[in-house]
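Worksheet: one structure, shown below.
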């Protein structure tokens, strides 16, 4: 009499994989192991060493029209001092997403609206954060005493361990932004620390926008200022106009990527590397009528449509998007992007966990090998 | 009428934390959000942003006498070609450990016995592996064609992506070692790839032990050999005698660490950094009668007693150990080590996920602040 | 009877310096040593190990009005194809300068005028070069197939080992620029190699200005383009307008350096380091009425007045300057800069050998310690 | 009527080189330039931009028997406190060598004998130094308070800026070593600073040999000790036995370099790079009967025969050597090494200025292209 086999996939029936058929002796052995906080590796080997990753997350899209309305409703329902942060959380449409409070992979994302004169109480955490501004006027953030003004489509950092508070100036307008954080990663690594500041808000300790004005020159490095020794970008905020112009310049002289069109990384100008240690961000420009090819890679990506309309085929499903819609592409999932406007460029902001993949030696990528690089779309 | 509060800890009742009392309006809002793959951040903020990490893992100890017997029994129960790897898995005594097949945190560990003439079929994976040899004669591993001989208390690498197979020479003796891998981390990051080699074993492509003989000189770098451009240590194996002697030398001129006695990192001699990208390892020597102070830190550590007898107080509980017992210290858990032999040194091997903590900017540590640095032991 | 002493400075009469008085026995010994390609260290120790550097170079200033006239006269006197490069060399007013064809230290500098339609024949060398454009229209350089257009006050690279040729477009205007090279350093190190291209000029292999358009975004890094693996900046040209604006931005939020006012390094955006391996360059802005303090440092600096009028006190002598005058500050010589216009900013471009000083561990600097930081001016 | 041509080599008669024939107008122009601290580049271009380096130095060999005698005679002729350092300087057999007090290129070398109980007064300088011990017992050096014991064929550092004094213990024996410094380089760069200590000798501030005992483990890095943040190797001394054994190990598994046999760099174990910023050092082992091929490279190399007898063909001339003879190979000069003992290994220590060449991007090398890689020997 024999019990079940450890083979869970036809490919497993090969030397180098577990191909054990359980016997009563083995089952008795398994029980003895269990009594000693132990197990038989071969019982679970094929499951915990898959041939390739199979994500627990699903492509998910959030329409700006709907989510914006939700954010605005929250304005009336809770006060920021009471909520801590009056954020609407984006939950991946999967058990993993709902359980881990994750937008995709170990990434968190939320949307936040603020009224003129409101502030988010000052605090800090080991989770890193960054923000992409979608609309409004007069928004700002204060990071370790540096006051940073924010406009639409700007991208701003709140690195690991920095005190921060946000607000909208009294003479501004209701502002809405997307937050990205690695809270789920920090929790999964059991490295999440939190502290509140001893004042509701920081007093700016430097002239407004001192960091972007100091470090924001192209291929220039300030001298005669204190050495920057932090492991993140000193620029702090990346202005939309500058990013857009850089992409338009790049497009004049480059054919671009078949997958991403023209793409710029928000970088640390002192190292050329990522702006933060655990999350990266890009802006890409898809020329009018661009039809990208499909690829897949490790790491998770959350997109925000900075401008334009188009669609993405993700895991064989089509997702149509327009300005400020948000969607995600889970790890190792085929995806391709299309600009549905024949004449106008589309701009896609995105953030990701590629710095984690690179730091751990597992940033892996491959192009879609068939059908001239295009998925067969199910929908 | 009001619903439950979001406060989950007395410390949460402060500006900067979520302190919302639910109302019917809010509950209606939550339902609308849920229908849109969204949620209210403040409902779960205090839970997902704890004041400090609270580990899901428990200190666990495996006695060598017992586990050795289990490994030897496995020799008769399954064949290596059938099991893939005839490994007894060490499962942390916690739900997380059993669910994730983890020894502690996102680390995997197992014990493996092999008879003379047996081999483990060749394969590779993105998970990194390393091994600590506990007993035997004639064991070897082959890593990307480099044949490496192994003796008791040697430490050997099988880096991310390298083809590897293991065996014991026909004229050797039954050998037992401990495996450490980051399989759970690779699964949690959805970056785990696996492949089998097209032969049962690799043919050695280089003279035996060429890598340790080439790169194993102290503070010397070979010239006239091909440049080493891999992101891991070229030494591949670290011999017990050399590590022991280095610790004895260090002890002659250093007072050592109050927490760890005299300690050496197994390093990459070309960078001074960790030998692998995702896991580190150390050997420490506790002088006779050493009574270490307590500290805690992010990251998980799995110990193997290379030699000696002592105890460790972990999270307030005492764990006695002797040669080749294995135990673990979960993240952010107080721990201190004691050498119970007044005259003889104790040697503790350990491996950890500190390279992950460092790469992601969250390697954090603190000494026990009270009672002259010693925990009050519960047992 | 005793001979001369080895003391050459009153400070030498101290333990640790050579204080030998020659004797007939010693003189006989010296002769025996000389016969064996040897000598007595103590005879020359105090000379070759000075208490501090004493430069062989002198501050020197070249008036643009005069040098411009010389360059224009050269247009009629030699043809570029005959001269190789029709450059007027700036020779430091010292024996070392004239002997080594050096502007200051191991740096070379020259001025070059070109007529529309002229080209400098293509060639390469291990000496690195960079240029600062002073006037004209339609000038360009081609570096390893990359065509780069040049305007007034732009700064452009021709790194070590790159094929390069220069010219002025047929519809341009007579253009004048300053060249900086490390020819003397390469000769002193016996590492100077030279080659001529097999065509008079390179054919542009890329769209015009592809490198600055690709890499010239502020704190942005292009993705989807071939990896840049050269040890120098990919930007190649730094536009005057962008540099000026970056300095104006910096001045809004920084008090600046007491020595240099507001200063930007022309940097490699992929590393934050110098644009070239052996020479650095800066633009500094001295606010209206700025009166800098004096300091001195290792390394040599050659200035070109991008705009404005002022003076510099160098080694106690005053040198007045106006737009496009060139002057130099030798190593370890006190210097301070003054903007003589109370209202208008002055802009000073400079290049230097600081990357050499840093790479070799000898970048050393000190402020003038007396008289509130100002030299007593001799003139 | 025409004057002399600028062509100085038949290869110069090509587009891209200076090919100007002087005219009376040009000569008048040259005079006007000279009056303005300027010159015509084309007049000297071909001279200062040679097709390839032509060294000013000559291969030179110093016999140990003779030089040892000179060093011992110096013991009686001057006292160390009077001489500062009682060193016999090795002068390259060339005008450049004698003028610059150089052994080869910008390198200095000397030989120093000390009697038991003698000390060299403590001092420091920006010039870096290292030493190779040739004979004796009880020699030591003290570097920034670290006392380091020295034996025959050990290699020891005295990095840039460190306080140092040397001596031989009272119960030791007369000791002789070779010093290598970059004094000429520091002078040529005008970066040479010197200071004397306020005591004749340093008091050891650490246990004897603490640095080699702490950092001398192979591929191990001490933890729990203060971070090492200096830009040079913490090992300080490299023991002969360990270096010899590492070479014997390497020889078991490597074919070696056709030029240098088996070769190890004295490395910084924290970076894999050179031990000092401006000078490197190697030990090479030539197997019995080894006949190396010829190559040439930028940079200068000074050899000390650690053990054995052989010859080197340098620039077409044969130089025979035996234990502790010293010889040099100037930049870009063909050279090949032969072990004249068919059975015994020869060991050649050498030091060089390769770190300078690498830091400045001009480390260039080529094999001898003819005659199966062997020069035609003139002698």
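Going by the order they are written in, the chains are A, B, C and D; count residues from 1 in each one.
Quick note on the criterion: a contact is a pair of C-beta atoms (placed from the backbone, for glycine too) under 8 Å apart; a residue touches a chain by one contact, two chains touch by 3 or more.
Fair warning: this is a prediction, and the values are worked out from it, not measured in the lab.
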Item to check | Homomeric contact subunit A-subunit C: same or different residue positions, threshold half | outcome: same
Checklist entry - If you average the CA atoms of subunit C and of subunit D, how far apart do the two points sit, in angstrom? => result 29
Item to check | Whole-Å separation of chain centres (CA-atom averages), subunit A against subunit C | outcome: 45
Checklist entry - Hey, how far is the Cα centre of subunit A from the one of subunit D, in Å? => result 53
Item to check | Where subunit D touches two or more other chains at once, by residue number | outcome: none
Item to check | Chains touching one another, given as label pairs in label order | outcome: A-B, A-C, B-D, C-D
Checklist outcome for this item: Counting only contacts in the complex, subunit B reaches subunit A at residues 14-20, 25-26, 29, 32-33, 36-42, 44-45, 48-56, 60, 62, 66-67, 70, 73-74, 77-78, 81-93, 97-98, 101, 105-106, 108, 110, 121-123, 125-128, 160-161, 183-197, 200, 231, 277-278, 298, 330-332, 356-357, 359-362, 364
Checklist outcome for this item: The residues of subunit A that touch subunit C in their complex are 206-207, 209-210, 213-225, 233, 235, 238, 242-243, 245-247, 249-250, 252-254, 256-257, 259-260, 262-272, 275, 282
